[in-house]
Amino acid sequence: MKKSTMKTDTSVSIGKLNLKNPVMTASGTFGYGLEFKDFLDLEALGAIVVKGIALEPVLGNRPQRIVETASGMLNAIGLQNIGVEKFLSDKMPLLARYKTPVIANIYGTDVKDYVAVAERLADSAVAGIEVNISCPNVKKGGLQFAADRKAIIKMLGGIKKVYKKTVIMKLSPNTGNIEDIALLCEDYGADAVSLINTLVGMAVDLDKKTPVLSNIYGGLSGPAIKPVALAMVHKTAKRVKIPVIGIGGIMNYRDALEFIIAGASAVQIGTANFRDPAAPVKVAAGIKEYLEANKIKSVKNLIKTLKYQ
Amino acid sequence: MKKSTMKTDTSVSIGKLNLKNPVMTASGTFGYGLEFKDFLDLEALGAIVVKGIALEPVLGNRPQRIVETASGMLNAIGLQNIGVEKFLSDKMPLLARYKTPVIANIYGTDVKDYVAVAERLADSAVAGIEVNISCPNVKKGGLQFAADRKAIIKMLGGIKKVYKKTVIMKLSPNTGNIEDIALLCEDYGADAVSLINTLVGMAVDLDKKTPVLSNIYGGLSGPAIKPVALAMVHKTAKRVKIPVIGIGGIMNYRDALEFIIAGASAVQIGTANFRDPAAPVKVAAGIKEYLEANKIKSVKNLIKTLKYQ
Amino acid sequence: MKRLTHDSQVVFNRKIGRGIFHMRLAVKAGIRVKPGQFINLLVSDSYDPLLRRPFSVFDASEKSIDIVYSAIGRATFLMSRKIKGESLNFTGPRGNSYIDFITPGMKKTLFIVVGGGTGAASANYLAKWLRRAGMRLKLIQGAASKGLLIKAGEFCKKGVLFSTDDGSAGIKGFATDIVKKAASVDSVVFACGPKPMLGALKKAVPKGTRVFVSLEEYMGCGIGACVSCVTPVKVKNAGTKRVKNSFEYKRVCVDGTVFELDELVL
Amino acid sequence: MKRLTHDSQVVFNRKIGRGIFHMRLAVKAGIRVKPGQFINLLVSDSYDPLLRRPFSVFDASEKSIDIVYSAIGRATFLMSRKIKGESLNFTGPRGNSYIDFITPGMKKTLFIVVGGGTGAASANYLAKWLRRAGMRLKLIQGAASKGLLIKAGEFCKKGVLFSTDDGSAGIKGFATDIVKKAASVDSVVFACGPKPMLGALKKAVPKGTRVFVSLEEYMGCGIGACVSCVTPVKVKNAGTKRVKNSFEYKRVCVDGTVFELDELVL
């Protein structure tokens, strides 16, 4: 046996990015990464996806911003963030010390803004961008783009012109046709799609007779949405050729492998980080052990291997 | 005080139907009703909604048909049913003995079929129909109608011609615009809308590397989807004038009241029946007690009373 | 009304094998259980796990119901941690019974009772019933290995035959190998166990031997309402004008769990 | 790495009031806790409840951390059923501390420590710290009624003042009524309790008295990453060209939980 074939290969490619393993952190659940350095080895991650970044700082929604639901949670943070300038000056230099690609999740209130943030990041140490056209918690810059074909075409056109590294489009489950939107993104040059963002949800405080969240609606995440995410990833991976990044309720390596078998080339860990801040590295380690135990040389050999009865 | 004003009034109206309380059973989770007679008083229910009925008997999908997920379950029964003739000859006479309106949930593989089932039920003891244009588990007759405006217009036109009692349209959450579909149903003569049916979901068996359900996809129900259902009910009730029937993860009277405050005129209990076969009557009793404890004369005074901070 | 939902208390919950537990539930007097029936346990107040879990009755008295279960997943792990005095709600007992298939003509018949894996639970209660009814009986249990054998109740009595896949106890091989030797056309076989064992039974017995098996299927309601637990059963007169399909789906929870093996589409 | 996630075992979990429990967790030696910090408990293996739950440290030693909690919902009900020996995982201790605000100039200062409801938990540990540091101290606890008073730790010592809304123990009224009498511009007030109590504090003390309060907000991560636990804090130089907003959101979990009352937008 040649030595090279004996090593288990956990690496995957997403656009121009080569990741040492398929496990990323999901935007908004991992801060700017540094908050987690006491809980896990940031270099054991496939990639770090940071909190959504806009052109200008954003205050976010009034509290109450989150609430737990059955096996899930609603959030309506309202994309509070420090803005792209401060991100580049204060956070990125610290993050760049780690040998893990940093992906910036970006958003704006109109197409122009999105393009401007992408342009500002073009020459930075950021390895790729994830374009959030699916946030349910802001009046503008969120869901109105999720299924707007014209806006998406315009946005991708603008971004591709100013940003030459990897572009991932983050899709919303709050449409009847996520596969069609994914195909559109592929056609207009996206390097990958990531799904799903949160499902629009709501909680009511019966005693006060008010919505629990100040924003009324929030985004549902966590194990509760895993079946919905799996179905959408499976349907999308059947249709597009670019990599699909699976997100939604992934709590452990078995969940992650289910997404990979169903068609995902990589996964993101979101709400799980709140239960266990070391979750992403545990998932990565679990995948590696699984490959070894089952004598599978490369995680790539598992992608989209679902069999039908 | 006049005597009549002292009694707590739990009744609500849905179209031409007057229900003694706002609690119905959700189609497909309560069989043909009779299966539950050892567990609860069928006459304590607002209405019994029976399993989806087609023109001809349907075998349904191969097992495995259901699987549990985090705080939810997926089902892909495939609308197994005994057909409208057998329902009328074998089940309805037994159900008609109870002083509770029976609502038939109907579906077909094309518009013609839907209309034919409605016509066949027109002169029966069935008190109303709920038109299922939202089943995710059949190749035809399910989701393809969910957001097809033309088909819905044609279907409602046909049904209203042959069926003069209460017509409820049951809507799918697997679209980006459930409120628009609800408005359309209102415009074309629906007496009420009920929502939500299940969310499309999937489960993967990692050991076998196959989908868990023979149908690959199934419909997600239970507490996991409650936040999604609440948001859709709230959004829809803001737009339409006809009654909205709230469905999705309602497990107890507090959940039910949350839906009512958010805009529902009545609720349906689905998956909860599997955990506690007496759930619907407990919900009805709980609502009554709540009204009494809070000195609210009529449950109607609670509908759509959500306050905003 | 409501007579089919019961609150019970854990009397004991002992480990009796590798990951296998024997739990006794105290119930109000007056619940009658027939061999082969199951109860549907609500394991947790939490919505995760959400659904009830079905377990065959291993033994029953006027005041108690016993189950024997294997801790293999979330709900059964939670069960294994329950201690004396804790409350558990269940619906049932539900389902038909092996003994529904015993006719007056079977007074002299040899009943071969086979339990594979946790299928031994219902075999135990059936064997007890047959013994008390004075019937002729051969009791067989098969498991993967010694640690997984259930040695409780009737299985502690003399004359019981055991098999293990690895030969660590009893004969090395399958329970069906024992059945093969014991069965004749005049005997009646009652069996509960994993699907492959039930399939193997067909080949193990002489043609014409009546075999009845108790099935396990994933259950939603456990009371016949959701049609999730179905199994395909051959339809009589299939292929004629009136009967289009060669099989129909029957509900394991109320039409079974016990079916005649010949009728099943395995 | 990973030094902020800990496995602990329940040493005891006693009922000490109406729905109020005192739990001691055994931890590996070496965890340092400062008064006002909290731990974030993972209450269940199940995904329902899903999130961790934050609790102020009531007391701590080299080998243990104590909390006092009120069983008010799903997670705290589950906690109340935990028995000796059960394992619980927590992250933390996290958050700043009351004592971060103590300056060398405060050697002679009278510290008024106020706990309202379960806010008494962090007040206890702070009082213990101040007493051991030889500081001047007045400890006050307010609750709705006698059964809800926490009588443990420092609250069993002499000189502690109590108030209850219904007068069933201590003075009838609010803890802030006691503060009113005790506070002077030279004293420093440390408080933890429900929002209305914190609001009332402002009016209870002479203008210029420094008041520091520990806040509770709904938490997602408890480690500063999700910005869900925010509270509006006044911004210096607000209204100038560079500073547009009059407030910014600060994270209670890491920027607090202790803030100077004057800076908060309540």
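Structure notes:
Letters A, B, C and D mark the chains in the order given here, with residues in each chain numbered from 1 onward.
The rule we apply is simple: contacts are C-beta pairs under 8 Å (C-beta built on N, C-alpha and C of every residue); 3 or more make two chains touch, one makes a residue touch a chain.
The structure displayed is predicted, hence computed values, not measured ones.
Following the contact convention of this document, B, C is the list of chains adjacent to both subunit A and subunit D. With B-D and B-C as the two chain pairs, more C-beta contacts join B-C. At the far end from subunit C, in terms of centres built from Cα atoms, lies D. Centre-to-centre separation of subunit B and subunit C, using mean CA positions: 35 Å.
Subunit B and subunit D, compared by their mean Cα positions, are separated by 47 Å.
Rounded to a whole number, the gap between the C-alpha centres of subunit C and subunit D is 54 angstrom. Within subunit A, residues 70-72, 222-224 each touch two or more of the remaining chains. Of all residues in subunit D, those touching 2 or more other chains are 47-49, listed in ascending order.
Taken as a graph of touching chains, this assembly is complete, with every chain in contact with every other. On the side of subunit C, the complex with subunit B involves touching residues 1-5, 42, 47-52, 91, 217-218, 220-232, 245, 248-249, 254. The touching residues of subunit D, counted against subunit C in their complex, run 44-49, 74, 78. Contacts from subunit B toward subunit C in the complex involve residues 28-31, 35-36, 38-41, 51, 59-60, 62-68, 70-73, 75, 77, 80, 222-224, 251, 271, 273-278.
Contact residues on subunit A toward subunit B in their complex (touch as defined above): 69-72, 74, 146-147, 174-177, 199-204, 206, 208-211, 214, 216-218, 220, 222-228, 230-231, 234, 249, 254, 257-258, 261-262, 305-309.
Subunit C makes touch with subunit A in their complex at residues 47-48.
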